[in-house]
Amino acid sequence: MKIDTTKTNNMLESYRTVRAFSEQLVQPLNLEDFNIQSMEDASPPKWHLAHTTWFYEKFILKAFGDDYKGFNDQFDYLFNSYYETIGPFHPRIQRGMITRPSVEEVLEYRRHVDLHMADLLASSVFEDKKEELVSVLEIGLHHEQQHQELLLTDIKHNLSQNPFLPSYREPLTKNIPAPRTTSFVPVEGGLIEIGHSGEVFCFDNETPLHKVWLEPYKLCSHLVTNKEYLAFMNDGGYKKPQYWLSDGWNTVCKYQWESPLYWFKRDEEWHVYTLGGEKMLDPQEPVCHVSYFEADAYARWAGKRLPTEQEWEHALAGQETNGNFADNGNYHPVPFGLKEAGPFYQAFGDVWEWTKSPYISYPGNKPYDGALGEYNAKFMCNQMVLRGGSCATSSSHFRLSYRNFFQPEKRWQFSGIRLAEDVKK
Amino acid sequence: MKIDTTKTNNMLESYRTVRAFSEQLVQPLNLEDFNIQSMEDASPPKWHLAHTTWFYEKFILKAFGDDYKGFNDQFDYLFNSYYETIGPFHPRIQRGMITRPSVEEVLEYRRHVDLHMADLLASSVFEDKKEELVSVLEIGLHHEQQHQELLLTDIKHNLSQNPFLPSYREPLTKNIPAPRTTSFVPVEGGLIEIGHSGEVFCFDNETPLHKVWLEPYKLCSHLVTNKEYLAFMNDGGYKKPQYWLSDGWNTVCKYQWESPLYWFKRDEEWHVYTLGGEKMLDPQEPVCHVSYFEADAYARWAGKRLPTEQEWEHALAGQETNGNFADNGNYHPVPFGLKEAGPFYQAFGDVWEWTKSPYISYPGNKPYDGALGEYNAKFMCNQMVLRGGSCATSSSHFRLSYRNFFQPEKRWQFSGIRLAEDVKK
Amino acid sequence: MKIDTTKTNNMLESYRTVRAFSEQLVQPLNLEDFNIQSMEDASPPKWHLAHTTWFYEKFILKAFGDDYKGFNDQFDYLFNSYYETIGPFHPRIQRGMITRPSVEEVLEYRRHVDLHMADLLASSVFEDKKEELVSVLEIGLHHEQQHQELLLTDIKHNLSQNPFLPSYREPLTKNIPAPRTTSFVPVEGGLIEIGHSGEVFCFDNETPLHKVWLEPYKLCSHLVTNKEYLAFMNDGGYKKPQYWLSDGWNTVCKYQWESPLYWFKRDEEWHVYTLGGEKMLDPQEPVCHVSYFEADAYARWAGKRLPTEQEWEHALAGQETNGNFADNGNYHPVPFGLKEAGPFYQAFGDVWEWTKSPYISYPGNKPYDGALGEYNAKFMCNQMVLRGGSCATSSSHFRLSYRNFFQPEKRWQFSGIRLAEDVKK
Amino acid sequence: MKIDTTKTNNMLESYRTVRAFSEQLVQPLNLEDFNIQSMEDASPPKWHLAHTTWFYEKFILKAFGDDYKGFNDQFDYLFNSYYETIGPFHPRIQRGMITRPSVEEVLEYRRHVDLHMADLLASSVFEDKKEELVSVLEIGLHHEQQHQELLLTDIKHNLSQNPFLPSYREPLTKNIPAPRTTSFVPVEGGLIEIGHSGEVFCFDNETPLHKVWLEPYKLCSHLVTNKEYLAFMNDGGYKKPQYWLSDGWNTVCKYQWESPLYWFKRDEEWHVYTLGGEKMLDPQEPVCHVSYFEADAYARWAGKRLPTEQEWEHALAGQETNGNFADNGNYHPVPFGLKEAGPFYQAFGDVWEWTKSPYISYPGNKPYDGALGEYNAKFMCNQMVLRGGSCATSSSHFRLSYRNFFQPEKRWQFSGIRLAEDVKK
């Protein structure tokens, strides 16, 4: 699947491809699974299916379609996520309480909107307002792709609440690449450029292209593995405050963290819960489901540090962006890097990599106009940037300049660690 | 439906009748409705269906059946409610997170247990241990009937979380009895007897029959109506601390109560949410969904008091126990009392009546042996006794000595008010 | 000290005696100790000194004194405790935040009110309204005595927050009475009378005298000792839910209780914090600082039960009410009972004894008129009755019919256990 | 007062000057005021006095003094603030519960440590380890100066809890400078240098001097005034989510913010609480006691933005660092800027200015060695940088590169707003 949005005659095809993948992702679910919200951060799968549909209805069909009638007037209230300037919306924490509309009605809603979207894209309206409409539609498609990643992480969290740990997909047949040696790769600094440019779609927070001064640095060729992370744990990593940020240590104590999320011990052996069910911990896999606090503490313990997002983007600028993305259907990181790359393995896909950069706007940045201005800009506080995509990200959704962001204590995303270090002068 | 458990040859028939009613009650639900837990007090309908089934499996099939194999070993953990002496159980607050087993599996579980129960009741084991087995089975049947009432109150609460207030049943066709005059009926006191005796089933907390001294008192012939309660509200009842117990006033302030549960104003008019959807407030209906705190404050405002449970039981001792029970399918209280009674109307069914009696054990009371001892006795603290059954109680489940109990701030049950007063000497 | 309020010519003397004792109790404090509120239940000593003074000012000087001017208009807001019908008051939880007025000003306030009280009691107003005025003054004196007990329990809790456990008084020189044998004393039941009658002062909640039917029972001659309670602990008492009320077990888990309040282990030995500082646990002392939940669990473990308040009052009706009261200056319970009594030792003073009776009004009870009606009546919910006074109660404050009440989870009062049991028929 | 720490023969004089100022600041307090902790962020004045003393004892006397004996072994536990690597410490939230040691003992502790510090600075040890010792002593002095600012902000918060708003100092006689015109001053960008260099003391987080690329920008000549902020409020600023960061809007809703801290309305007029008591809002004063969320929302409403900390430092690099500091004894910001400056008024002193820069380490930064490494580095998460000092900062404590930091919701510091904007290209 590739969203080729530069050729506008393919917009409908891109639309259909994206829409179909959402529905493919919920195939393994029982009907009961659709309605569950296991924590405030997560949303029920039904809600994701409806909200992504509402996005097209609200920002395209109602905005561009002359005589489009809403499928159901209540949905503006139920399926607006957080757009305060549009109107009141259902409290996030209550999303799991909405049993009506049923899953069937939501799927009907999707068909209804899909039909009208197809009509609109074939109409003269599309030709008249092509630039504006394509621009919003691209946001809508990438928006749905973001929710596809959340579908996977939320389903994983939801199912993990069941003490008997049901599987979402079949267990994978092992096919592990050959081991590769880890090294810290030196990168030249200087006055470089960061941010998005060119024709390909990006979000508003990736612009403008701007100058940044970087000192020389080194970036690790590989992700931190479970084996390496276990050494930190076995050295008392979760018991020694000296490795932790103050907020991080408070979080460790508050939640009594002793390992990454989804790790548990059985018969003295570490196991992990995956979307394929539980399995023994694989020491070669990249460590996953760690918070920023854990990534930062690990780096301090290891005598290294996390890279800034600018260091990350600059170092990876020359590499092809392929890797273990959601397209593979693994929904789990794999060891060593899927294929020969260089000099940085596992940089794209597998796990989102925590950077030491707080999520703030680039110099001179302008958010989207109107309600879409709430899409990214209002979250620029108390969150950290992650880079590189994960095994739950669609490859067609990804680009080098992509900035993901989460609060430093979150760990239900597929998030991991790549180390950096200063060059001694 | 009548559970005639005195004739043991009817045990199977009684069992089937009770079991069928549970499944009838969930007929109006969407599959998505089965899994929802809208607050800690409520449980998902699926859980009620499974837990009531587990009760027979645990206390009868596994205890009496020689070679019965459990349907699923995980169910002991998932569907034990609160029996600490049996083993660990799933946290109550997490009941809505369990999407597996599916509704279909739970219904299969019911069929499995029903089959084995029928076998057991037809076997020689039944004849050999009839007394003991009937005794536990009666508890199991009344246990399921209690959960049928909770099914209704929990479904009502669950659906009420939906901002668009779906209906559970068709609206009722009005058929209101003729108005009757309210009066305070004098009752002789003296050294009387309270509690259960005789052949009919009762719970352990209704025994033993014991002597109590009562001063003369008066008990109101009718329940407090919405109209009367509105007068309290319009007189600033929810704004004046002098009418409230200290804990009650704190509760009013904490939750910003301004009316009973399920009341809301639209266009300046009071409406209520019922299992038949929303409707205008009917001034003649008994006020419902009030807490003990509200019942007590209303009584103080009215210059009266609530009766003790002993006063209630003694006054009603001579009347037939018929009324607006769940059998009618209203699931909502009705005005005036369904049919001629006397001198107390609406005493049985309609709404549970808060008494001023804290829920404690009767003198000389002995709880059930073993794990079933946890059924009632461990809740004898910080709860108040309610009497008389409600529109969600099955008539075959009810008897004069029945003691219901809830914390004084709870109001999602069908609970209302009957006033009493002292006789001036 | 004895409040002889039957001879009205002694009112001023009684007033001065009570007032002086409050000031005596704060002598051992540092100035910094006066302002501390270590938990919501406790109040700063300064606040107790001011509030008890405000009580006379509000209910006597302002009500009866023709031209009395308030000492400071702000004090109505600061030192009203909970009388909603009087006007707004400072939030309880904020009492420790009030550094002004200073302790010195509060002591000046006391002198000011004392002066005017002496004037009033010597004036013609006193003669004209003697009955009414004496009645309120008696409440005021007993009110201050209640706060003297709270001064001691709150100071104990406050100082216990200091990790180095300062002493409030000198350690006691041991003078332990001779051991006495414990037995369960049979008591006849029947139609008996409970409640206060006669000339001596009592609170409104102790009236009226009323008939109660009691079955025969046995009451233990002594309080449960630390040694006996340790046996419960060593048998896993705090680990076994079967001994506990449901709310009790939740409380144990929530606060991770493993022993009574003020117990701690050092070098594998149990110690306790007392107002004389820390000391090794004395196995012969009555167990103290236990909640109702712990008292009830202990009784169940011991195969006994707690008495009702009626059983307690009836059994003790014939004994002299002397014991280890605050007058002794121990502020700590002592073993065996101070002197020969019979058949019940340690019944008065030492520790308040939890009964299994929820705190509700007696039949036909009338609360005080006006704002004083809030004194006792509005707390009649979710609290349990304690009987017998404690080592922090003044003997002149105590009488047989005295009903103390606290929530079942509280344990910072000097509260202990006396067991009862049914007579097998 | 000027800490001239470059001339080491003045170290003792600097020490005495700093120490004396702490004791001067608590002169206006009642003894009762010393022990109060009005919120978790604030500490009791007594604690500040002791903790700053402990710092010298722990890091100097015990580290360098051969045979120094601690004043009291318990103080390591009581007065360690947050140095996890040193040992366990008293929970922050419990600081107000420690009535012992008394204020008198703490003052004695100060005298004891002062005496030994004077001895040490006159000894041969000082000459032998001068560089190392001076380095730690400078940190100790600046540490105490930081706590002097907290003394003022904490005392202000503590006293504000009293409903009758006591004063800490005499009201000021008005002496307002002449009005000056506000303008946005253009600043060249380019590859500039940020951070500390040279002989003067700075904290570890101000180093190293490093290159940063800045686009051209404009910075406002003055702080935002109360009058300007009122326009935002009157335009519904606190009611319109579009101006707020998502976390900011949640904070506004959670705490129901409607104005800056310490503002309140009386008789329809805005008043503010100051350390000189309450007064009418002065429209010309800089707005103060706003959070980052409010500063950011105001900027968005005004069509501007906050500066980055690099923009701030670069723009102010040429100006003299004088202003309305704590030395003036105002402890309150003043309008217009105390004296002629240019082009930026009120930049130093008055109020800390929120920048849009999250608090993170500079490239290549190294924290202090050992336990002092916890001083700054472990707080580099979820905090925003403030620049410029305030009316509660000592001028000798301040330097251009100073980085203050607080969580974006805090507002009990003297914090205000200076706007910036992009230069349109």
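Residue numbering begins at 1 within each chain, and the chains themselves are lettered A, B, C and D in the order written.
FYI, contacts are C-beta pairs under 8 Å (C-beta built on N, C-alpha and C of every residue); 3 or more make two chains touch, one makes a residue touch a chain.
Please read these numbers as outputs of a predicted model, since none were measured by experiment.
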Going from subunit A to subunit C via touching chains takes a minimum number of steps equal to 2
Cα centre of subunit B to Cα centre of subunit C, whole Å, reads 38
When centres are defined as mean Cα positions, the distance from subunit A to subunit B in whole Å is 47
So subunit C residues touching two or more other chains come to none
So the touching chain pairs work out to A-B, A-D, B-C, C-D
In their shared complex, subunit C is touched by residues of subunit D numbered 30-36, 38, 46, 74, 77-78, 90, 94, 96-100, 102-103, 158-159, 161-164, 166
Subunit A residues touching subunit D in their complex are 82, 84-85, 191, 210-215, 241-242, 244-249, 292-293, 296, 356-358, 360-361, 363-364, 374, 378-382, 408, 422
